[in-house]
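Per-chain numbering from 1; labels A, B, C, D, E and F assigned in written order.
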């Protein structure tokens, strides 16, 4: 099967940001995204999803390297200093490259 | 530690397909799978898990390249045209290669 | 943007182990972790999260290779024989390497 | 207007205004389990009070209606609305089947007016859920070998709403009014409260459909508003013909005029995947459901009363 | 049969028929919180009505029973059923401990017959939960240094069922009947309704155990059906001996004859990980729980009445 | 002590002892929806009983208080507690706004003493939620161009608590006591039971705040204990001045003395992200909330009675 390589960008951050972030991802050129609920621990302490505002979300975006860079730069400028957030990138093969 | 490389196949699709898909994965030779609930946006619009049938699932399968290809081909033929679905592959190292 | 490579260690196991495992991860040197609820099938049968104790969790840890090895070795010695558990590793690029 | 309907309005307003109000999916599930069981239990208790002989002709008539309605609807959807075959079949299945929430609002409407209805209505409700779905699948696929009917019928008959309604009916019938007594506080006394919460959630969902509504154009709205009336009229006439009371006739009209948004979408997604699910769901949930609870139910009640007076 | 038991049957049937009916995990949690608190509150209110002096001998006898039952069960599981040491110890812990759901069905059974029971039963319920688990762990591990008892005892005593039962008891006792009055609609009037929903879910879970049941063969079924009877008999005799009423004796027999499926599995999974968790859970949930609610409870009631008549 | 408060204690104890007791997030959401709707509905029904003319001056006075309180609090937080500007503004917003749970415990407190309160209190509750949040944002950011006020005001006014309170008020007002009748079993009869469960969860959450409490030192505890008293006194004086009954005065004092832990944290996190969210939340939930339900409410009631006697 024909496969092509794309970037998989994964973001873990506070669930309060979901609506805002998803809008921005679309604006920055992502063709789609997938969100799951999560909890965790990091430099800003434990976020245990014990109630409403204390949980995390985990967002995945598959896109080309250019869009991935643009999103990463935007998140760094806008959110890194004030919000619990991590971000990492890896390479994945996709079957229908035209979708991403 | 002894490690070997396997394929990690990730599928994001409509939650209505869970039972059917999981049965098929086993039939196609996957030794196991992991499912999480998800939501997202793609070419078929927003799937926000607001209620019963409108959510996504995210399925991960670790298997060898041959099984991964077989599953990908099956999903393409059977679901791509009618269902919200994406699929991507990456390489991972596993510790107990006999399991996968 | 400056990026560096780290290990992404993913563990899928019984949700009963969450508290214990998360404490151990911290002790073994992980700077953080992310947990999501999951269900699945493997060599120990179906774990369908139908109720309390029958679900899985999926833990992700980003760390350097040394810590990843240490965690993997610990899990193998302590849990492999008695619990439903899988574990796999991949390489990811992170933006703020000092965090991990 | 019944206060429960105001909860629907509140949900719609909150949804359209993009409030962050959400009803968790687990609560939606809990509420639908409670409502379906309550309807079944109530029906079972009523059925146990009286001989059920003589019910067979009614069952036959209602089943026939269940098979007939989608056959009437399909050509309308295909040629008047101009949908592709699969989409038309799916729409016919949705509107031939029934909405339990609409029925529940109808029960509340009658209750507020102290109007009794026949014991067998919950039974007829179950009977009407399934046939239209089967006919819809047949309309889409024909009788080819490719359809896995075994799996499909399993899916349809063991769908959660059929199981809970039939289960409730059976338990209510087996236990009788005395046996069910200790369960009344949860299933009967709280019924309207649970319905209010459920309608709040339905309002939020209906609001989320409004976007796809805008992109589908006028036909779908027209269909969603106009189809219920003749459907309900057929239901009312059959109700009178099989000897239901005014209350029972109203409820049968409501059932006929309502459109499924749980059982039918689930079954169609599996059986007729090439049908666009948003299309039928938008019409059913975004147009017909609100139309029925605001306009339809009072209208069908008037119609039922009028038909009964005509007979009397 | 009590209607709540029919809900269990409905769950089993839906589960075996592979219906898509599910009770969300959050609702299962809510229902168990409500039932545990309700049992505790009720017990606390009753205890507050009367002097609790003279309770100490009863507490001692029941605690002794809690430690003794798993010691009786272990050799049976090890040598008659033929299980490995860890598995036998785990099974002994499950059956030595108690099932709150079975107790709740017993309360409903007595309630339907207007039979009173002694105020201290909920207290005895709590006392019986823990000892068998500790004995089970000791049977599996011996008294070696490797077991982290501090962590384990914390896990066991602060498990959610002990916390809610004890908390409910304390609040009920501190507030008395008048203080608890405004809470009655939720915790007491709805009790049977919540129990019905809970049993529906238990039926679904029990059905999901049936697969592992098939693969385990006959021994497990036999153990699950036969063990409760002598256990319950011991409970009944002790109940009479410590002066409980017929209702109280029945409930103590039910507790002795029931097997844990929440506290014991959780503790064993951590403390004795080499024990196969499916084994004990299948016996407890898939065999003994249904056996008790269908056959056991009426049987133990008959036994208790008979023993009381023999005494009287 | 009111039994509902014991449930809070139970939650705190279970949380501090690291029990595995959890209330699922979906249940927390359900309970807050039910409590908010119940408070709104009750208020709406009461408002419908009487002419609402003459309410405008009261509304004006209470709004003025809502804008003034955070202005008084900000310098205290900035210079006495020694917080950074953003943190001080956020704390001022939290304490200027209100806690619905504290209000609900106050209602239960009055109910247990058969003390009536004025119909408009739920309305005043809504009015007090929002102004302090707006002032807090202004204090942190000034009136610069960078703040997206459109989006922020949307967030604040369409937050779930405002929507449910206003929606409940409107539905209660439109339906009146008769219309709401069938909803009473769920929303009114079960109110205290739901409040008890909610407080159990609040106790668990408050316990989880205790860790950050330890690391923040004494100032926060002092602020959390000392701020409510003068705030409540202001509320009580205004209550008497605008002619509220003793019950109404008590509730207005409770509102003034309580600190928001839902609306304010959510809005501040978006509008003033540089403020440390743990800081305000710990004070509000970990210190002031327990202080109010144990000490504050009886104190404010005494104060209100005393002020009224002074007037009478």
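One rule holds in what follows: contacts are C-beta pairs under 8 Å (C-beta built on N, C-alpha and C of every residue); 3 or more make two chains touch, one makes a residue touch a chain.
None of the values given here were measured: they were computed from a predicted structure.
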Shared touch partners for chain A + chain B come out as C
A student comparing E-F to C-E should find more C-beta pairs in contact for E-F
Whole-Å gap between the CA centroids of chain D and chain F: 41
Approximate Å spacing (C-alpha centroids) for the pair chain A, chain F: 35
Quick one: report the Å distance separating chain C from chain D, using the average Cα coordinate of each chain. 46
For chain B, write out the residues touching at least two other chains, lowest number first. 36-37, 90
Touching two or more other chains, which residues of chain E qualify? 22, 24-26, 29, 185, 190, 266
Work through the pairs of chains, note which ones touch, and then classify the graph as line, ring, star, complete or other. other
Full set of chain pairs in contact is A-B, A-C, A-F, B-C, B-D, C-E, D-E, D-F, E-F
As the complex stands, chain F meets chain E at residues 1-4, 6-7, 10, 13-14, 17-27, 108, 111-112, 185, 189-190, 192-194, 196-197, 200
Chain D contacts chain B in the complex at 22, 25, 28-29, 201, 204-205, 208, 212, 262, 265-266, 269-270, 273-274, 277-278
Chain E partner contacts - residues on chain D that touch it in the complex: 24-26, 29-30, 33-34, 154-155, 158-160, 163-164, 167, 170-171, 174-175, 179-180, 182-183, 185-187, 190, 266
Which of the residues in chain C come into contact with chain B in the complex? 10, 12, 36-43, 56, 58, 69, 72-73, 76, 80, 86-90
Give every residue of chain A touching chain B within the complex, in rising order. 1, 3, 6, 8, 22, 26, 31-37, 62, 90-96, 99
